[in-house]
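By written order: A, B, C and D. Residues from 1 in each chain.
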Amino acid sequence: MTRLFNDPTQFKEEMIGGFTLAYSRYLRRVPDAAGVMALGAPQPGKVAVLIGGGSGHYPVFAGYVGKGMADVAVIGDVFTSPSGEQIYRCTKAVDGGAGVLYTYGNYSGDVLNFGMAEMRCQNEGIDVRTVTVTDDVASAEDVEDRRGIAGDFFMIKTAGASAARGDSLDDVEALTRRANDRTRSFGIAFGGCTLPGQSEPLFTVDPGKMELGLGLHGEPGIKSADMASASEIARMMVDIVLADAPADAGHKVAVLLNGLGSTKYEELFVLYKDIHAQLEASGLALHNPLVGEFAGSLNMAGCSLSLLWLDDELQALYDAPASTPAFTHL
Amino acid sequence: MTRLFNDPTQFKEEMIGGFTLAYSRYLRRVPDAAGVMALGAPQPGKVAVLIGGGSGHYPVFAGYVGKGMADVAVIGDVFTSPSGEQIYRCTKAVDGGAGVLYTYGNYSGDVLNFGMAEMRCQNEGIDVRTVTVTDDVASAEDVEDRRGIAGDFFMIKTAGASAARGDSLDDVEALTRRANDRTRSFGIAFGGCTLPGQSEPLFTVDPGKMELGLGLHGEPGIKSADMASASEIARMMVDIVLADAPADAGHKVAVLLNGLGSTKYEELFVLYKDIHAQLEASGLALHNPLVGEFAGSLNMAGCSLSLLWLDDELQALYDAPASTPAFTHL
Amino acid sequence: MSTQAKLAKQCVANILAAIEQAEDELARLDAFAGDGDHGAGMVRGMRAAHEAAQTAEGDLAGPVIAAAGTAFTNAAGGASGALFGMFIATVGQSLNAAPDTENVCRAVEAGVNVVCKLGKTKVGDKTMIDTLMPFVRALEEAAQQGLTPVEAWSYALPAAKSGMEATADMVSGRGRSSRLGERSRGGLDPGAVSAYYMLRAVADTLNTP
Amino acid sequence: MSTQAKLAKQCVANILAAIEQAEDELARLDAFAGDGDHGAGMVRGMRAAHEAAQTAEGDLAGPVIAAAGTAFTNAAGGASGALFGMFIATVGQSLNAAPDTENVCRAVEAGVNVVCKLGKTKVGDKTMIDTLMPFVRALEEAAQQGLTPVEAWSYALPAAKSGMEATADMVSGRGRSSRLGERSRGGLDPGAVSAYYMLRAVADTLNTP
């Protein structure tokens, strides 16, 4: 459960306070808004990348603000999209005249609030484009209806690297959309998280069971199944993700095995051993795998597998340097 | 609890397997030993840095193998020091002729096993030196009797950077020892962890209570106290660490706020807000703070504060670049 | 109550009180198939709405309500922050100087239409609309029957309640819980419950002498 | 039993069986004030010891026991891995070709001394030594009284048991649990319990016709 807090209604503000104090070498508070922006932003002539959503998912989103990734993260309350007003202010703060790309998870609240901000900014002459992340194969049949989970990381990395090398807004948007089109994720949950100030978890999972199709917001999964061994879980995750592989996407993939708060690194490595072997057995070439915590849900227990089918251009962006509080790559 | 595993007796082996598959761009398995070594090691003429201990603490130890940090990590079973035999083999694998520095936490089992390996290597003419980490102020009055907790990170960073720039074994040893002499930590726990295959946690903490003086191995704390607000906990942690400040150590500190598995980033930032303010109020200058998971204990809940009192030389080593699976710094 | 504005402010204050009292219940309802933040978000939004309403100037109700709605949207966040805020703001903006029953009805209808449009929702999707739409239809009936605004509001409230209750047996078609399919059946929709509490708090205010 | 070596192998096999049976109990005891790994570590060590013992060659007991000890140390890890392994290996190395009671006693004493030296421990520190040291003292008595090795081992076993039981009321002075001070009082020391089970398994083996 969430134990460290003072007044739960001040949780977000205090979190932003501590985060900006710790990482002032990367970023600073957006004046008069619930957001953090990279040092050096706005950079005239450079496309700005704006990310955001509810908090409780660190390192998504604020942890990815810095060089080579996002220019600004708008920070909502725990599991709550930031309001259009906050998104608007953050957009104004980072626009460098070359336009702003929004990328965020496809949730009703986020779509509404980011959508309102986008309209308002467009009306004021700021060119804003949006790529909503829809990686979770468990969340809907139609890709456009799917929600975003840990695959967020790939889109933030792609957009950030594209903007950092000076691409136009058209190109940043097109590349980020291409990354989203080529990303698939699937997750499972073993236990729910507890919001600050609450004493009961959002949901519980019977011991001996697991929830298939986790939500990153503590929502229960799509259905229950009997708990299985790491090897069986690896097989299931790989099968489900590959069954939904994008057409004609080649055979080179970036791999991200994401752990939620209470499922730890050692367990992820045990699971990863079979995931790696099975992906290779299915003919894929694995590029720079990542195993760790990349998109959380407070102290929820669970994990997800995300694949991004790379082409040369996406790979170049994926391999580009980045330096942020939560992800640094040389 | 630990949920992802197959046969619990194979947990360590499978973990090493998955870890080396994921991070083959940094490291590889030590042939015939339970350890991982940096690509490029052994490097003739360079002092090698050997770390290790029980597993269950990722990113300690294996996560810090790579450029600018450790050359090799010897990996024991969960919470169990590796055997002298494994340490011996890993030492032989990375010795580049300039000697090997061991640095690990001061626990009875580790001291015994690393000590046996050290003796055996010395007998074979390999110059081995040892700096045991003793940062936890809660664990004993006398500094030499204290155990090592998240402060490990500072010693690994110091030793690795010193060795990487070509220092002699004498210098690597002296600087690492100086870092340990100037490091103090204190931790608290809110809940115990569960070993793979077990159904009960190692200890439980009554709701409404916390354990002061956490152990990184799921040992209960030194004493219980009533649960407090984040601000009160921040004050207590700072007071206890500063009460034990090393003499004449100056006023510049590296700060590491470490979360154990189930205490999440957002909570740590809320806590850090007051820690930062109080450290500054006490006249300290905070250098590049780190807030996150740097030394774990499976899914245990809790956190610890570590300070390293810097001087110019230690700061240069702390700021030196590093590139490992769990910590990269430009 | 001496002015429209005062009455509107009193309505907002009573909605806030009702929502604060229901915070835990709303959180629990949202935890069933959503993410548990609905109680906190509604309270945050209503506190801001209340503050904005209290400091709004003039004698008319419309601007007070509009100010409350804008403040709600800015403070609450989330799906319900955007939708309830736009609902309230639209009602305020649509309410003209002489709020007879027909005008009130048209204003609420304008608010409901904005929610349907922004949220791409219709009746039966297990959202706040399942409370609001039957309420508007009943308000229309009341207007046709020539009831006063106060009478009309009380007349329409039971339709809102039935609409809210009907969400228990619906499968979610919109919002976070829509990903759960059949698993979303069985719990009341938190936004439908909030909507009902808001409407009921207004009824209570209007009926207080 | 036809040879010393066979008897030694049988002892190791029976110790393994005893430790496997006690695995959960040892884990629980270690969880009380330590890190819970003692059961798994002892099983891992004894399995390796057993394998090494079974494949050891020759008719003498000493080399079998020494091989078991070395394998134990290499496989188990942890404090108890180093100490039990060195204990067993030292006993094996110290046992000469004609193991009369005095020789057996001296071999076990050599093992105990190695543990005290490596572990910097003495009686009363709440460790395996609280089982092993009283056992050695009693073995010495038995040797002075002229008992056979089999009789001597059975004679000394109760002293080991009392020593083990006494650890419940001790405060830990060595090892991981020593950081807990007074809080370590109240549970048996897991290493002291393991040591007793090992000695008892040997007694059972020796007394089996």
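Simple rule for what comes next: a residue touches a chain if its C-beta (ideal position, glycine included) is under 8 Å from a C-beta of that chain, and two chains touch if they have at least 3 such contacts.
The structure displayed is predicted, hence computed values, not measured ones.
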If you walk from chain to touching chain, how few steps can bring you from subunit A to subunit D?
-> 2
Using C-alpha centroids, which chain lies at the maximum separation from subunit A?
-> D
Distance from the CA centroid of subunit C to that of subunit D, rounded to the nearest Å?
-> 74
Express in whole angstrom the distance between the two chain centres, defined as the mean CA positions of subunit A and subunit B.
-> 29
Determine the centre-to-centre distance between subunit A and subunit C, using the mean Cα coordinates as centres, and give it in whole Å.
-> 32
For the pair subunit B and subunit C, the C-alpha centroid-to-centroid distance in angstrom is 54
Could you check subunit A for residues that touch two or more other chains and list them?
-> 78
Mapping chain-to-chain touches, which pattern fits: line, ring, star, complete or other?
-> line
What pairs of chains are touching here?
-> A-B, A-C, B-D
Parts of subunit C lying in touch with subunit A, wherever the complex brings them together | 27, 31, 33-37, 40-41, 44, 73-83, 118-119, 174-181, 183
What does subunit A use to touch subunit C in their complex?
-> 8-9, 54, 76-86, 107-109, 112-113, 116, 138-140, 147, 195, 198, 200, 202-203, 213, 215, 217-220, 222-223
Touching residues (chain side subunit B, partner subunit A) in the complex = 2-6, 11, 14-19, 21-23, 25, 55-56, 58-59, 63, 78, 190, 196, 199, 210, 227, 229-231, 233, 257, 261-277, 288-293, 296, 298-299, 301, 303, 321, 323, 326, 328-330
